[in-house]
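As written, the chains take the letters A, B, C and D, and residue 1 is the first residue of each chain.
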Amino acid sequence: MSDEQDAIRVAVLGARGRMGAEVCKAVDAATDMKLVAAVDQGDALADLADAGAQVVVDFTTPDVVMDNLRWCVDQGIHTVVGTTGFTEQRLEQVRGWLADKPGVGVVIAPNFGIGAVLMMQFAARAARYFESVEIIEQHHPGKLDAPSGTATHTARLIAAARAEADLGPVPDATKDEVAGARGADIDGVRVHAVRATGLVAHQEVLFGTTGETLTIRHDSYDRVSFMPGVLLAVRAVPTRPGLTVALDPLL
Amino acid sequence: MSDEQDAIRVAVLGARGRMGAEVCKAVDAATDMKLVAAVDQGDALADLADAGAQVVVDFTTPDVVMDNLRWCVDQGIHTVVGTTGFTEQRLEQVRGWLADKPGVGVVIAPNFGIGAVLMMQFAARAARYFESVEIIEQHHPGKLDAPSGTATHTARLIAAARAEADLGPVPDATKDEVAGARGADIDGVRVHAVRATGLVAHQEVLFGTTGETLTIRHDSYDRVSFMPGVLLAVRAVPTRPGLTVALDPLL
Amino acid sequence: MSDEQDAIRVAVLGARGRMGAEVCKAVDAATDMKLVAAVDQGDALADLADAGAQVVVDFTTPDVVMDNLRWCVDQGIHTVVGTTGFTEQRLEQVRGWLADKPGVGVVIAPNFGIGAVLMMQFAARAARYFESVEIIEQHHPGKLDAPSGTATHTARLIAAARAEADLGPVPDATKDEVAGARGADIDGVRVHAVRATGLVAHQEVLFGTTGETLTIRHDSYDRVSFMPGVLLAVRAVPTRPGLTVALDPLL
Amino acid sequence: MSDEQDAIRVAVLGARGRMGAEVCKAVDAATDMKLVAAVDQGDALADLADAGAQVVVDFTTPDVVMDNLRWCVDQGIHTVVGTTGFTEQRLEQVRGWLADKPGVGVVIAPNFGIGAVLMMQFAARAARYFESVEIIEQHHPGKLDAPSGTATHTARLIAAARAEADLGPVPDATKDEVAGARGADIDGVRVHAVRATGLVAHQEVLFGTTGETLTIRHDSYDRVSFMPGVLLAVRAVPTRPGLTVALDPLL
């Protein structure tokens, strides 16, 4: 579906996994990309080079991703990584490899949802202007942790922005509380976790000041919601040498 | 502003209080009512009878309301009461007085907000059809109790409806919870209390089942929101002899 | 998964269609039902009887559904129909068949979403208490009609309830309108149709009166959301002889 | 309530108007400001200078504001203006006066609601990442224009951001529309205007892309909601010589 000349030549690693399969479909449907290889366990990495891949997208597993990345960097192939498990130590190792290959770009992101990333950016930016803020996240009842990682991360970003603006504690006159009613306290920001059948993944950040409130809400209905973020990274990585962590800098 | 013949002749007790003053304005503006007396501390109750009041609205205080009510019932004047502090014992006493005055009606309601009453009715009715339900109430940060009385009452209505339909516990796989994240447990229904400057009084009941959610939300912006409920009671009380507790039966 | 003795014996017609396949899965998963036949084009209707079906669920097409229904009624098998295209004339014909089979029940519903049905019931019930009301429906951008059939139906229910309560027109001082801003006028109720990628099927009914609003919102994320309604009808139809149109009377 | 040394000395012009009176109260309550003069029609402007005002806040009328501003600039007093009616021609005139007074700052803003300003900023910033976007604004039924000025302005900001990102038209398969259902078309962005008793001033911007939506919502309950923005401008104007139009650059 893409012009042979200009299209970005993309290969997918972990192509038979749930996310990898979605990436193959998304690349295939993008008018400015060409899917040149779909590789999974048992296939040779050399296939990627033979296919002339300019960008590799890796949605594999923590135990193989470092070998994949090292090989791609050595071959001078830009890489977008959605595989989890990147510690600061692993990131440092990748930076080391890239130091020897100044033209190569790697984007590693824990969350490719553009909406979620923007929600967090906007929340961090709005925080200093509102004396009150609370987070309400809503997920399906099969979720094991409460609050969600995204909610906790958002609360920390907000708490940091408030501290920098010398805001002091959120006003709260509560004296008589049934345990838990006021939510979890994450760095001084109250976070409420709702669980209900039918829900997928939703989060609302509510800011309040005299006479007005500002609400930033993200609703994710499907894992395909990550595809626009993956494609954005694929388009950006060839012109971003070195390591980029998280989607934020690309937005 | 109303036709002298048909208009309901209304007197207000506690007319200089915040709520009483609003009632005077609302009665005055209603095309089917006529404000015939506005009485407060220091005025004589006899003024009500002299003015030919058919319905008295009482927004006074717990220490004087029983005397007011007794006098009105004795005079055969229908009464709508918004004053708080009615225990079961007090209600029983009123029922006793009314037994001797079979034509007289008294409506005593803790909450004249029609929207809030409907929200609770709908929540109780929907409860049996959804395996999940949670309540999120949102108020200004000066509120002392969490969750609100309305939220607690709603949770109890829902819990009762679920028990009657043999629904069992709401599904929840949470294993790793920061204390408070999952809200307060009111009879098995999770209730979250949000507090933020700018908010007034809001409540959301979220029901979930496979692939769908139903949300019932009430937003109260102002104490004038109680006036339609007061007027509704004024219109209804002449044809409802005996004691009516809460606005529900009038809806 | 069900006790052989008590389980309702269910057969599905149109079992290979999108909805029919979901019904098969849902019946299979229900602990109080047993899927005894899954029939589609090319299969014989006699299979249903041979399998001892007590209830048939029909999600076929308008051109075959009347033959299916006739056959089921003749065999004394209760039927739940989700197939569309039922005119008043067709309903009359079904009533005629059922007149000769007094013990047989048929439920024909255009929408098996319990949440959607409750939303409409609550909207109709709340209508008389609020001077203002508007509907905002939100769907994916591939939808051909605007507003949705459900929104139009809801608006008509509300309009009828307002008329019965002598409410008069909704207040609206708009003098300077960019064409379309105030939505479509359905029997005097303004309806707004939002279309956006990422959305599935959502509807909000907003009621307003002095100082307060009441919002009833339904979110449907998936066609599996119809399954609880189908199962509800399967459970109810054996004890509801004659024709039942829409899910409402079962709630 | 403020330390005599450090407090900003503030005077209010139009102090007996609705907005001016609120500003007096807000300045009085701010711990880092001191209200030194409250001036209205009939009072002499010289009072402002006599009182040693460092910053003047002007909420007067279009016919007197230019004289006020000229006088303040001449006296070297920084000014924050909420009075409406500033054409490009008037702004040019103010720039001329300020050219001769390089140390003086003037902030002229049509909307001091911080939440509204942030909503517009975030909407403009998010626009390029979502193929779909619609605006739903909700106001009390006494409002004369539909959509609101803020909604129209937001739509234009979004349309400009989409054009810059070469996004093309929003997807919409609607074929069968009841007139108005799809809202007003403002530069290709659909805007829906809801009117209901009980509402004050609310706006929601809904962005959608594959599998996810992002919603930015602003609720304004009261004209006091403008006070934090006015105070922000008062604090900023002494260090912003020249003319600043709108609150945006201060955030």
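To be clear about the criterion, a residue touches a chain if its C-beta (ideal position, glycine included) is under 8 Å from a C-beta of that chain, and two chains touch if they have at least 3 such contacts.
These numbers come from a predicted model, not from an experiment.
What is the set of chains touching both chain C and chain D?
A, B
Where the centre means the average of the CA atoms, what chain is farthest from chain C?
It is D whose centre lies farthest from that of chain C.
What's the distance between the Cα centroids of chain A and chain B, rounded to whole Å?
47
When the C-alpha atoms of chain B and chain C are each averaged to a single point, how far apart are the two points in Å?
From the centre of chain B to the centre of chain C is 34 Å.
Could you give the separation in Å between the centres of chain B and chain D, each centre being the mean of its C-alpha atoms?
A distance of 39 Å separates the two centres.
By the touch rule stated above, which residues of chain B touch at least two different other chains?
Residues 130, 198, 207, 209-213, 219, 221, 225.
Spell out the part of chain B that touches chain A in their complex, as residue ranges.
Residue positions touching the partner: 130-134, 136, 138, 141-147, 152, 170-186, 190-199, 206-213.
Which bits of chain A are touching chain D when the two form their complex?
Those in contact with chain D are residues 113-116, 118-119, 122, 125-126, 129-130, 207, 209-228, 232, 251.
Can you check the complex and tell me which residues of chain B touch chain D?
That would be residues 198, 200, 219, 221, 225 of chain B.
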